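Chain IDs A, B and C follow the sequence of writing; residue 1 opens each chain.
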Amino acid sequence: MTHAIDVDNTRNGGVHPDEEPLLVVENLTVSFPTDDGEVRAVRGVSYQVAAGEAMGIVGESGSGKSVSSMAVMGLLPKTARISGSVRFRGQEILGQDEKGYAKLRGKKIAMIFQDPLTSLNPVYSVGFQIAEAVLAHNDISKDKAKARAIELLATVGIPFPEQRVDSYPHELSGGMRQRIVIAIAMANNPDVIIADEPTTALDVTVQAQVLEALEAARAETGAALILITHDLGVIAGHAERICVMYAGKLVETGSTDEVFYRPRMPYTLGLLGSLPRMDQSDKQRLTPIKGAPPSLLNLPPGCPFTPRCPIAEPVCDTEEPALLPVDNAAHAAACHFRSRTSGAEAADLFGPDAKLVSDTSGSTATEVPAS
Amino acid sequence: MPELHGTVKDQPAATPGSAPSARTEREFTAKERTQWQLAARRFRRHRIAAASLVVFILLLLFAFVLPHFWKYTYDVFTDDLNVSPDAKHPFGTDATGYDGLAVVMRGTGQSLKVAFVIASVGTGAGAVWGVVSGYLGGFVDAALMRFADLVLTIPALALAAALAKNFGGTWWIIGLILAGVSAPYVARVVRGVVLSLREREFIEASRALGASNLRIMVRHLLPNTVPVLIVNATLLVAAGILTETALSFVGFGVQSPDTSLGVLITQAQGAFDTRPWLFYFPGVFIILIALTVNFIGDGLRDALDPRQTRERR
Amino acid sequence: MLVFVIRRVLVSIPVLIASTMLTFVLVKFTGDPLLYLKLRNPRPAQVVIDTESHRLWLDRSWPTQYWHWISNVVFHGNWGPPVLGHDDIGSEVLQALLVTGRLVAVSVVIALFLAVITGVVSAVKQYSLVDYSTTTMGFLFLSMPVFWFAILLKQGGIWFNDNVNPHTFFTIGDRTIPAIQGSTFANLKDIFGHLVLPTIVLGLAGYAAWSRFTRASMLEVLNSDYVRLARSKGLKPRTVLIRHALRTALIPLTTVTALDVAALLGGAIVTETVFQWHGMGNLFLTALRTLDFNVMLGWLLVTATLVIMFNLIADLLYGVLDPRIRHA
């Protein structure tokens, strides 16, 4: 059941050189027609996930992170217009019919959703719903499936699994329900588990339990993990690589260490700067990013972060920066001025004593002498 | 998609590095619309409902305006007996010589009047019933709802017939009776809405500010039930028309000399083979009224409470 | 579960009792049963009127009359004397119930079956041609006066009998009179033959309402999180549809159906009148016209009991289908 993949915990990031990427997403674009026009939720996202690795996708609400994963699973509504390419083990999986997707889902790629209170069907027992996942892809007896369900309940840390297996979802707490969803996701040893904001709807104390269950699932199945969240703390503890998403596009990618300690794109800097830190004096104010994410309807040309970016210049209004490498091949940022942000910290850009700002007259950024 | 309201947030004055204010306007690209404007837009998108609204208005004109321009009236008989539809009498005539078109116009008007009484009184009474019951809770709620259940244990037609036998005959009494029969249903629906609203913070806040129960019920709860009420009112109109015709058919509805579409069809039963126009025209008009009102109600439901994902067409 | 059932049954009893009281008051409001006597010309002697009044217990107080009636029915099976004649009201009502019952039962089964199928197809293929045509048809039948349609069908049947094939459609009555001598099968065939047209009428009314409801319920469920999870498990599309979507969407439908059966009794009144069946409809209307109050009371008692019974069944069924209710 468990294949011998070594889960890389050393966080050196990047793709193992001698393994072909398991999942390749190339130039994925998703848009929705609405009353007021076309909403371009995902605008050309590309990433790769290697077998066994844990990749995080970070972004605010509305950045398109959930939509891009639903596109991979084929779970978007029929009104969505999708283009681009998603390849699993070299085979294109985008644009199949429901039957085609059904062969993949649960067996090769599994998904965990955000709201555990509504994810489970209220009229079937928890054990039934897990066994169902197993029976969908394996020709075994119902008893064996139930036994497997009990096993899985134990793996994700549900106490007294033999009794719990016959409970109904409404008899369990939110944290337990989410662990059941994780059990369902891992039931058939998928190659990729996509976890879409698995802890967002839960209390902090319960979050740890759920994340533990997620790690246990990974350990047992050896699956790669795509962890989507807006919580940087969750990402830091559980992902080797990070992609930062903003307004439907990736704006920075790299290993967790690189992105956390050496961020280059101003948005990433701002995100990290807005986190309260244990090692800073608690008299220091947080530096938030002013403003709000742009509307994805009629998005103007240029970099979408421009209205909120302290080092924005006229070129940012007209030309959208591409995701290009900085420092090393594995770390990339989408900013025209990524060279200038080398070594910068959030306070340098967003704080009241910001050193790196652009002149409003449009000339090149200068260093303001510290007063 | 969430509506985006075009409020421009203020820019703090002295912050080096903040973007010039012109850029913030880029962020908000959708028009600001009120809830009712959105609803109106969604209603218009529902093409059948919009078309039905037009047809319904035409029916109103037909029933209440056109009679003033037509040369025959419903209560004066002509010399043409049992004439099938022709240029002079587009809807034919009956055995007494009454012109079919005039009679149908009158019948339509009467049926519409009954339907409006049902909709307004039934919805009104039901709304008050439901709000009081849902908000006050406890014994009052239990008693009022038990009573509603009791009324609902008697088949509507039987109940209406029994009451009409003793009290009824004119269109507005029939309307009131049918309104009374429909009110319990509206009350239950409204009570459901109130129960879900009752625990919300804005009600608690009102109470904390010292608002009386009456004020809360009238100013806060009742307005929030309006979308549900509007939808139910239209459905009641449609159902009311049909029940009124059924009532007339079994002999307990509007009594002559007053008329309604139901009365007309009942009288025309026997004439089906020889003078089918007397049977078809009133029937078609009933169907038209009920159908357009049903479609409008459907459109209103979509407009005021859209829950399903809809393709943009 | 047992507690749930017992509790529900216990709650129904006071409702039934209260219903009988309401029924009694209602019948009292229909008018004076002895009006026919008082309006005769020449007017009968007062002593005749008083004797009739006494025989029918009309000279006591309302509570006394109520108790007299209800205790007789419940404890002695005596439904009271009709105003005119000596028929046994109890057997009359039950006989009528049988006739109407089979009409309503068959109509409900067919209507439900069709409604679920079209509702599901409409929801799954939302906005397709199938969806639009069935929805429009549903709306049409919802907007059509039942008896108008019944008359149309009856006339259609007569025309068919006359011009195409005689004796295909039975348009009068619920069975052939005098009763067919012969096998049970021949009798059944006769009964079913008479059922065809009225069932189409009543069934279409029920179908229209239920298919819309099923469609709406299915649409809501199809967009739910747990259906999405079921799909993400890799279950076959049909399995997702039936085991997850339909199963959950049908729960509110059972409640609606059980409650609507009561309403269908009203629709049956009209349908029976058109096709001249001697069922509940005819019984009530005749009694109302002649102000035969004991018949009306008996009729209303039976229907109220049926309605409350069906409400109870709906509640219980809901508990069976939705575990959340059971444990509440």
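Quick notes on this structure:
In this section, a residue touches a chain if its C-beta (ideal position, glycine included) is under 8 Å from a C-beta of that chain, and two chains touch if they have at least 3 such contacts.
Computed from a prediction, not measured in an experiment: that's the story for all the values here.
By number of C-beta pairs in contact, chains B-C lead all other pairings.
With centres computed from CA atoms alone, B is the chain lying nearest the middle of all the protein shown. Once the centre of each chain is set as its mean CA position, chain A and chain C turn out to be 56 Å apart. For the pair chain B and chain C, the distance between C-alpha centroids works out to 25 Å.
Computed from the mean C-alpha positions, the centre of chain A lies at a distance of 49 Å from the centre of chain B.
Chain contacts: chain C has no residue touching two or more partner chains. Residue numbers of chain B whose C-beta contacts span two or more other chains: 309, 311.
Those residues of chain C lying in contact with chain A across their complex are 224-226, 228-237, 239, 244, 247-248, 251, 321-324, 327.
Across the complex, chain A meets chain C through its residues 73, 75, 98-99, 101-107, 110-111, 113, 115, 118-123, 132-133, 136-137, 168, 170-171, 181, 184, 188. Residues 15, 18-19, 22-23, 26-27, 29-31, 126-127, 139-140, 142-148, 151, 155, 219-220, 223, 262-263, 265-267, 269-270, 273, 284-285, 288-289, 291, 296, 299-300, 303-304, 307-308 of chain C are the ones touching chain B in the complex. By the touch rule above, chain B contacts chain C in their complex via residues 146, 149-159, 161-163, 165-166, 238, 242, 245-246, 249-252, 262, 265, 269, 272-273, 279, 283, 286-287, 290-291, 294-295, 298, 307-309, 311.
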